[in-house]
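Here chain A shows up in two complexes: once beside chain B, once beside chain C.
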Partner chain A sequence: MNAFSLTIPRTIKQALDELTTPKGGPGKLKAGGIDLLDLLKEGIEQPGRLINIRRLDEAPQALHEIGEVKADAIPEGVWRLLPGSNDGSPPPRRDCLRIGSLATLAQVAAHPLLASKVPALTESAADIATPQIRQAATVGGNLLQRPRCWYFRSSEYQCAKKGGSVCFARDGENDFHAIFDNQVCCAVHPSGTAVALTALDAILSISSPQGDKFVRLSSFLVSPTQPGGAIGRENRLEADMMIHAIWIPSPGPGERSLYRKVKQKQSFDWPLADVAISARRKPTGNKELEAVRIILGAVAPVPHRARSAEALLLQSPSLDAERLRKIGQAALTGAIPLSRNGYKLPLVSGLVQQAIAELLS
Partner chain B sequence: MSRIEVPVGIVGVGLNSEQREVPDGTPPAWRDNQSLAQVGKSPTRIDGADKVSGRARYTADIVRPGMLHAKVLRSPHPHARVHRVDLSEALKMPGVKAAVVLPHLLGIADDGSARSTLVNRVRYYGQPVAAVAAQTLEQTVDALSKIKVDYDVLPFVVDREEARKPTAPKVFEQAVTARGSAGGGGSKDKLNQQGNIRGPRRSAPRGRDVDKQAAQVTQALLAGPHGVRATYKTQVQTHSALETHGMVAEWDRAKEELTVWASTQGIFSVRDDLAEYLDIPATKVRVITDFCGGGFGAKFGAGNYGVLAALLAKEAGAPVRLVLDRREEHLAVGNRPGSEQNIALAAAADGKLTAIEVKGFGFGGAGAGAGFGGPALSMYDCPAVYVEESDVFTHSGPLAAFRAPGHPQGAFALEQAMDELAERLHVDPLTLRDLNDSHPARREERKRTAASFGWSSRTPTGQGPRLGKLGEIRRGIGLAQGCWYHLVNLESSAEVRIHRDGSVEILTGVQDIGGGVRTPLAQVVAEELQLSIDKIKVTIGDTRLPPGPGSGGSVTTASITPATREAAYAAKQALLKELQAVLSLDQQPELQGGNVVGVKGGKPITPLPFAKACARMRRAEVLGSATRQPDYGATATGKRGNFAAQLGGVQMVEVEVNTFTGVVKVLRVVAAHDCGRPVNPLLVHSQIHGGIIQGISYALFEERRLDPRTGRVLNGNFEQYKIAGALDVPKIDVILLEELRGRSSTDVSGIGEPATVPTAAAVANAVYNAIGVRIRELPITPARVLAALASQRGDAKP
Partner chain C sequence: MSKGDLNLLEGDSQLSASTLPPSEAAPQAEVTRRGFLKQSGGAASAAALLSLPKASAAATVPVPATGPAQVLGPGAVPATLLVNGKPQKVMIEPRDTLVTVLRDRLGLLGTKLGCDRGGCGACTVWVAGAPSLACMTLALDVAGLAGQPPQAITTVEGLAKGSVLHPLQQAFVDKDALQCGFCTPGMLMSCAALHEQARAAGKLASVGEKEVREAIAGNLCRCGAYPHIIEAALAAAKLPTAPAPGKGGVK
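What follows is the complex of A and B.
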């Protein structure tokens, strides 16, 4: 770990100023510090200054609290990104759940309102790491984690993601790597909450020197092969920005969600694959679905939307074994396994089937 | 010599009385535990509160005035020549007080050259090269980066198959040997060595001719009529003790004496190594281990880190703390070697085994002696048994003794093969073992485990109920058994002092590696002196005390409790003799019901409580000391494969397999084990729990991963090296036999190692019962389960 200075700003503005000041080398925000400490210890991050935002005096509620915001109080930036308009006109305003980016995973996991409205999110938060880590880790930090690829995480491999020329995992030990979109960098996005929040179509509000910005999580997280993506990063957060809050459109009647994770061991393990599904039934009451999002985790550089499986699922409410099998198979559309991770194909297919059966039958 | 009566047999099954010839002055044998007041009871650990409150000080906790922090420079290459190590720049760094080049390389196979020239060749990634001591750990890390090592990088091989090719880069040019440690291991000398293959070492059960057995096995395998043959593979597992290897070393320049605090399984082995490598008398080295946070076989001797710590302390003239980090622990201080075993069994139509053959390779990196034949050689009644084991060297961290060296690997193959044979013969796996194993303890263990577990409810393989919303969850049960050796270390001495105030002290240089040996020592003495254990102080873990056994081979309690009991017995005799003189008694009084009773002038005296009796002593204390004698006559120490000397256990396991995701969960385990006389059943249960948890972790999770293209360890941490956590631990029920055999004055045998031997095999057999396809390679990962299920369906490989 390199030597660094620690600054403790009082306001968000001060924190952002600290980020942009050229004095003392590049600065890095520290919230829970869980992933950052790993990166510092291995020398992968070598900031000159750490800026601790864990306890800002300003608006502590806005950064730490979890609650529901009525439709008329939703910021315009969020409102404009809400789903529901197909003709280009602004979507209808609706209530939103709001989570301060510094809320801990433990707070998220134990929040009764979230548990009743967006169980996919609380289930994902509850399944991360260990109770100790969940007490310290923030949901914002969880979304910004760097991948766990063992080549990326070792200072001894100057891999492509770190500016080198080789992806060591592609022809190396790639059991835990991507089966989709793995041609440039095959590290997978590690965040469980990102999978759930993408399924819930969450929106991020981001503080920047130019004022607040709003972005859908699904376009905030970006793989190296997607427009605006780059191999050295997993998201569009610029060096002078911080995630301020997470907004989730409050689910209406007939909307439900679920998150499931496959771990080799049950204590403290990363997912071999995880999935979050959100689905809305038609008001007709015949179990037909109006909308569904199936998001796969630990299979691609960012949470992967299984659109073919979604389309198949929308076709009919019937969920017999054969149809489930086909939907599971459809979830693999576009998958190209590497030398050692072919097992993820049946695993993902099986996981999707289990999750759909649990959520909808 | 005199003769004593000893109880022999399994309590609850039947006890006979036998005679043993013993030296004069040996205490009379105890009856079964039920007749005893302290031994066989389960008081909680006398140092338990210290351990859970943080008062107990482990090596990593030791802080000495002016203490420096040291760290080891390790090779980033798996294979290289070391031409020059330049410490000069490192020595100029801030805070640096000493730097040394490793003078001797320990822990690697010995190629006949001096250990001081072994250091000139790097044979594995992470091999220690040099070390620095500075005022802070950060300064030490900075200084390490300034050491210049001139490496001549050489081609390497870490892949198991590549290493066997004649063209593979050689790990050793000369023939090698390997010494065992007190934890076991080591290798037979003078084996054939070609390229990276050393062996085969050819073995048959003790007392049988190897060539004849080999011929008989070949014949029986040809004759059949029933046989099975398959290849089993096991991975490399690292020891992963909670406390890493470490030492705090302090050199007294005036006295030229070294004091070290070490996380070790054998304080005397550390003392002897340091005396040898620093070239000072053993009397000038003191080793202290108050507490040790776990040892599974890799914590014997000073180790390279210990030699470095001592040299740095000597050079700096200040105490030096060198505690390895978790990554170093995975890289360079030993592992359970991998294996590839081709096993063949043959049986007659009645199910009786006619042949067991195991031939294969062990993968201990740059270490030798990676065997697995133990279970095949000693578990079953089979007229023809033949084993061939060869080492395959690779440029990776060397093996070390690891909890029942060779046995979990061997049992994984043998016990699955037995199940395969049972299926071929259409008999229940339990029945097949009853047919082929007449050991009375195993027989009883099978019976009791089956009853408690509900073995009879086992459904035929693959026909269990389908659970889960989609029928994707399958359950299965399996069993396996294991054996181990009744081993004793005769270098086990104890002293018991009875003070005038009635307090009692035990002094012995044994160490507690987590098993909790202080408590059974107190129980044994409390039994002898008819006291409660809170009256007894136990002082251990210091080479200034009478020598105690190293804690390897499951010998600790079996070795040190008889000496301790005999020391207490001698102290008691001394006390009673003293009282006879002081109180002018007609003859030597006796201790009865906690009171001293005697006769004076023909009349009984008023019984004297123990403390009051002690107060009458003219001396400040009386003491007794004793050294472990060999086991009594009929049960000579360490005979492999004979009933009297064998111990072991039977484990039954229920698993749940998710056939959609390949995830295996162990739901419950019932384990029956024997360890002679259990002194403290609670602590024995803890050992069995630990062995089973470690076995489940071995079965499902653990595997050291190497990058084939760089030879580096990829998962040197507890995030990517997967190891069982709390949620992976099933319900475990323990059935403990009290198996008496008149071995010694306490009749204790071992438990630490046998507890982990059968677990992985039992899990694998249960997985087979659940899904109907056998997984012959460890660990049983979701990837392997899914591949097995796909091959069962006849799917093409994805």
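What follows is the complex of A and C.
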């Protein structure tokens, strides 16, 4: 690890000021530090200064707390991004779950309110890494975790993501890489909570020197080929911003969600593939779905929405084996496996079928 | 451009130590393998011993909650660690991880450095009672600094109460729950935390294999002693309870 200074701001404003006034070189925010320490030890990141927000004094409850905020108290910026009405009028206000970005994965995984309202999120958090890591790692940091591609993580390879000209994984050891959108950089997004939170249509509030900003997680995370994307980054957070909180529209009656993950090593591992589904049934009571989101993880540079599978699922509430098989197949629409990750096709198809059957049967 | 993009660009300004038990750990007088090697091995290792700081009271100066951001380092700065109930003054560089300070500066060699990437659990210690990875924790993150008290660190050395082993340690002995022993301190800290948490919740009797497996999910044993480790963790729940093991309590 290179030597660096550690700045301990007392307030969010001080933290942002430290990021934007680079005395001694650009700074890097550190919260739980799990991913960052990995990158520092490998020499992938060599900042002159770390700005440590792990022990921020100011309003710690706002950054660490998990709770439900009533409809009339949610910020304007969140309201405007809530699921809209169909006739173009502003979306209806609704209660939201709010998670401070410094809440740890252990806190999220064990939170009874989240477990009852958004099980996809608690299930994803509980399945990340180990008990010790979940104790330190924050949910904000998990969303910002850099990809686990071994070429990216190795100081020996100056890969395209690090400013080089070659994606070594494209024709190399690409067993754990993307099957969608893999032509520029085929590293997959490593965050399990990002998969669940995308399925739950989460909104981020982001602190910046220009005030708070709001963005849907689904447009915050960008692959290199999407508008606003670049090969060197996985999201649209600028150097002078920090994630402040995560907002999830509180599910109403008839809404349910789940998260399922396939790992190579069962005690702890990154996913070979993971899926989160949120679904809302029509109030008619005949099991017909009104809305569904199927988000696949570990298959693309960002969580991948399986729209064809969603459309097929919405057509009919029947879930016989043949229909499930077709929906599983539809989840692979657009997939182009690399030389060593073709196994992900049947894996993802099976995982999607299993998850749908479990959620809706 | 999606609606989300517009919002990101537009912005929106709507938002706005625990009490310390006295140290019970008596200085070790017995000859240890490592001590023997050090004494017979010559002067090279004496430097490490000389640098051991003496235990002294934490001198944390309270400062107002407002004020400029503190900047520490990049050189070593004086800080206080609270280890096994004892405040220890030590010079720490911002890049020093807790495991290196515990081992190299404080001479607490029970905590092992395995993978140094948070993957093996050999360096597991308790931070404020919760199992944490000392290799993935900056020492200054848990140190007492101006205005902030140190967080209580418990290492495997702090598990026994004097000469009375923690029930988990006794059970590891009884059940032969180790082969090479390198994972043992980390295993003990994970299992003992489960034990303490269950005991605090009055649920010690209901600790089952599932709970044990979850607790040690982050601790690798290359020898494959898992069956005996799990057996020991289950057996410990049935041992007579030792008084107040550990320092700093369990979350």
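The working rule: the second predicted complex is superposed on the first by the 361 of 361 C-alpha atoms of A that agree within 3 Å, B and C clash if a C-alpha of one lies under 4 Å from a C-alpha of the other, contacts with A are read in each partner's own complex, and residues count from 1 in each chain.
In this text, contacts are C-beta pairs under 8 Å (C-beta built on N, C-alpha and C of every residue); 3 or more make two chains touch, one makes a residue touch a chain.
The model shown is predicted, which means the values in this text are computed figures rather than measured ones.
Residue by residue along chain A, chain B and chain C are tallied for touches, and C comes out ahead. Of the two partner chains, chain B is the only one touched by A:Gln353; chain C is not.
By the touch criterion defined above, A:Gln135 reaches chain C but does not reach chain B. Judged by the touch definition given at the top, the superposed model places A:Phe268 against both chain B and chain C. Once the two complexes are overlaid on the shared chain, A:Gly172 sits against chain B while remaining clear of chain C. By the touch criterion stated above, A:His244 is placed in contact with chain C alone, chain B being left untouched. Residue overlap on chain A between the chain B contacts of one complex and the chain C contacts of the other covers 267-268.
Residue ranges on chain B touching chain A, taken from their complex, read 76, 468-470, 472, 658-663, 665, 700-701, 705, 707-710, 712, 714-715, 719-720, 722-728, 781-783, 786-787, 789-790, 797-798. By the touch criterion stated above, chain A contacts chain C in their complex at residues 1-11, 14-15, 17-18, 30, 33-34, 37-38, 40-41, 48, 50-52, 54-55, 57-58, 75-77, 80-81, 106, 129-133, 135-136, 205-206, 208, 210-216, 218-220, 227-228, 236, 244, 267-268. Chain contact summary for the complex, chain A toward chain B: residues 148, 150-151, 154, 156-157, 168, 171-173, 175, 262-270, 272, 321, 324, 337, 340-343, 345-347, 349-351, 353-354, 357-358, 361.
Across the complex, chain C meets chain A through its residues 1-5, 7-15, 65-75, 93-95, 97, 116-118, 121, 124, 127, 130-133, 136-138, 140-141, 145, 147-148, 190, 213-215, 217-219.
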